[in-house]
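Each structure below appears as structure tokens.
Next come two complexes, and both contain chain A; in the first it sits with chain B, in the second with chain C.
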Partner chain A sequence: MNEGIAVLKVRDVLLVTMPADPDDATVSALQSRTLDAMEQHDVKALILDLSKVEILDSYFARTVAETARMVTLMGGETLIAGMRPSVAITATELNVTLGATRTVLTVDRALDLAGNLSRNKSVRKGRPWL
Partner chain B sequence: MSETEQGTVPIDVEADIAVARRLVRDIAGEMGFGVTETTRIITAASELGRNVFKYAGKGVMHWRTLQKEDACGVELRFEDHGPGIADLDAAMREGHSTGGGLGMGLPGAKRLMDEMDIRTSVGEGTTVVVRKWRQR
Partner chain C sequence: MSKDSTAVAEAQTEKAGKLRAEADLDMLKILVDSVREYAIIMLDPKGQLVSWSPAAERLKGYTAEEIIGKHISVFCTAEDKASGKTERELETATREGRFEDEGWRVRKDGTKFWANVVVTALRDVNGTLRGFGNVTRDLSQRRESEERIKRQAKEILEMATVIVQVWDGIILVPLIGMLDSDRTQQLMERLLQRLTETNSPVALIDITGVPTIDTQTAQHLIETIKAVRYIGSEVVLTGVRPAIAQTLVHLGIDLSGATTRSSLTAGLRVAFEIINIHVARESAHGAAVGK
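Our next item is the complex of A and B:
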């Protein structure tokens, strides 16, 4: 059967993992679950882990792009991680895009990048260098 | 799979799109399609199944396996008795949508599959047939 979305807070990053083949209800839950968790946890970045995802159709892609735009409005940054080759090929042929969202190869790399983001943000806020 | 196999899946509620998609994945896998080809087929099935649900409210997906001398294939036929497509040329153009979507359903599905036939009649419904072949 279909498993759900896993939401995990790691330091100041929100890690959201999508299941292999989410139905429409699960895809639409992505938006509300993610935004609620962003508000609750005061995180700086969202990592959307697509490494399990076996199908990204136009509806799923549009929801991902919209969610990323909403996260931007809330002051966060979105990194999409782990898209499989077969999914990337198919999404390109289907002509779906994820907007201006940053993509990274793996969740590991996304976590590294998100760590840098938050350090830079503290610098911009005028905190002392350490 | 040497005999032709076939079946029908109803698309009555939104969740049936995913049900149809998972069935198509099992069929494609069993026929020996590779991961990327299977992903193309299930993505096309998802777009076409969603069109049925979005524009007609409900319909069916018929599927069958095909055999040729040097290839085997899978055929998916999406049938609905919805409003039909008034301007098929426009519907096949990228970015055209009358349903609030991205308008990539039909042209996108056509690119992902080897063959696509559409029969539509305003007020009577739409039938979209897609096929994918695998060389033996």
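Our next item is the complex of A and C:
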């Protein structure tokens, strides 16, 4: 059921990929699995890859927006990557508010941006590998 | 005057009246037969054809011999027959005296034409239903020209909305004319498509050519700005003239989702900043630098 979601930790970024047409159970799994992973790994950013997603419903949209806020509370920044035009139009119709969540065209760009983020954070000073 | 002569006179009057009535009927028949644009036919109370006219023959392809006695539903499409639309038409005409419809009808050869149909209930002085009058007009040509106008309007719309890539990562949309819902919807779809295809982080929307902005237009712009943001790009709105700026503030419209600039030049500078491009004038002799 939840196999569709891929949660990957890449360096100090968490990459979560959503399947094309997630059902409600998959959507709720997105939130719990993302937050658990945030707790487990010390990451600076969450990249939510929506490039495969073809259908957006209000529940999914709300969960994405909520998860982003929760991730912010846990000290990470959420980058939504690769939303398709058709999905973006649906999101406008559903009046989804993203607040401070950033959006990027592709995962590639998200990784670039996340790289800059962590470098700018003074918290990372103490880490020898940065 | 004798009784007989009165009777004769009455008979003569009656005869004259009948003749006149017959002459009137003839005239009416000539009228019905000579009208070319309208197929005027009569139905009995059950909806079976009792008269036919040359115009009806020309329009529907049946001869009088073939068609008289058939039910009016022979002209309907298979779907209308299945849904019982014809029966409803006659019911409505019986109940309300009149029924008007615009829709597809079928000719003898099976081809369809777009028709305007008026069914009128015919009642005698006692109010008994004697049948129906059916006037059918072929609107195919009008419909065709309407469709052509719609198609052309769409083409003009497409022409009026040009989407150009001005730099690697910058898409420019110079908007000209009024923005209505259809146009914005189409613009939004094409712009998003283009932004994702070219992987462009900036959409420069220039509204210099938009005469005025009302609440609805602004709403459409806001939607476009939002949608562009969802896919991961951002809108730089340029051509915000003083009058437009005033209108936006007076209408209480919040365009904070986009960076706005008055000129396209200023907007382009913002776009360059976003994609991290630094533009500097090259000094030929080095003398201009620092001055």
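The criterion applied here is as follows: the second predicted complex is superposed on the first by the 118 of 130 C-alpha atoms of A that agree within 3 Å, B and C clash if a C-alpha of one lies under 4 Å from a C-alpha of the other, contacts with A are read in each partner's own complex, and residues count from 1 in each chain.
Going forward, contacts are C-beta pairs under 8 Å (C-beta built on N, C-alpha and C of every residue); 3 or more make two chains touch, one makes a residue touch a chain.
Just so we're clear, the structure is a prediction, and the values are computed from it rather than from any experiment.
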Side-by-side fit of chain B and chain C on chain A, or clash: fit
Partner chain(s) touched by A:59 [first = chain B, second = chain C, both, neither]: first
Touched partner set for A:40, first chain B, second chain C, both or neither: neither
Which superposed partner A:83 touches (first chain B, second chain C, both, neither): second
First, second, both or neither for A:96, with chain B first and chain C second: both
First (chain B), second (chain C), both or neither touched by A:109: second
First, second, both or neither for A:32, with chain B first and chain C second: neither
Overlay on shared chain A, then closest C-alpha pair between chain B and chain C (Å): 6
Intersection of the chain A residues that touch chain B with those that touch chain C: 85, 87, 89, 96
Contacting residues of chain A [partner chain B, same complex]: 2, 21-25, 54-59, 62, 85-87, 89-90, 93-96
Chain A residues touching chain C - in the complex, by the definition given at the top: 80-85, 87-89, 91-92, 96, 98, 103-106, 109
Touch list for chain C against partner chain A, complex: 188-189, 192-193, 195-196, 199-201, 223, 226-233
Residues on chain B engaged by chain A in the complex (per definition of touch): 14-15, 17-18, 21-22, 25, 35-36, 38-40, 42-43, 46-47, 50, 94, 101-102, 104-105, 107-108, 111-112
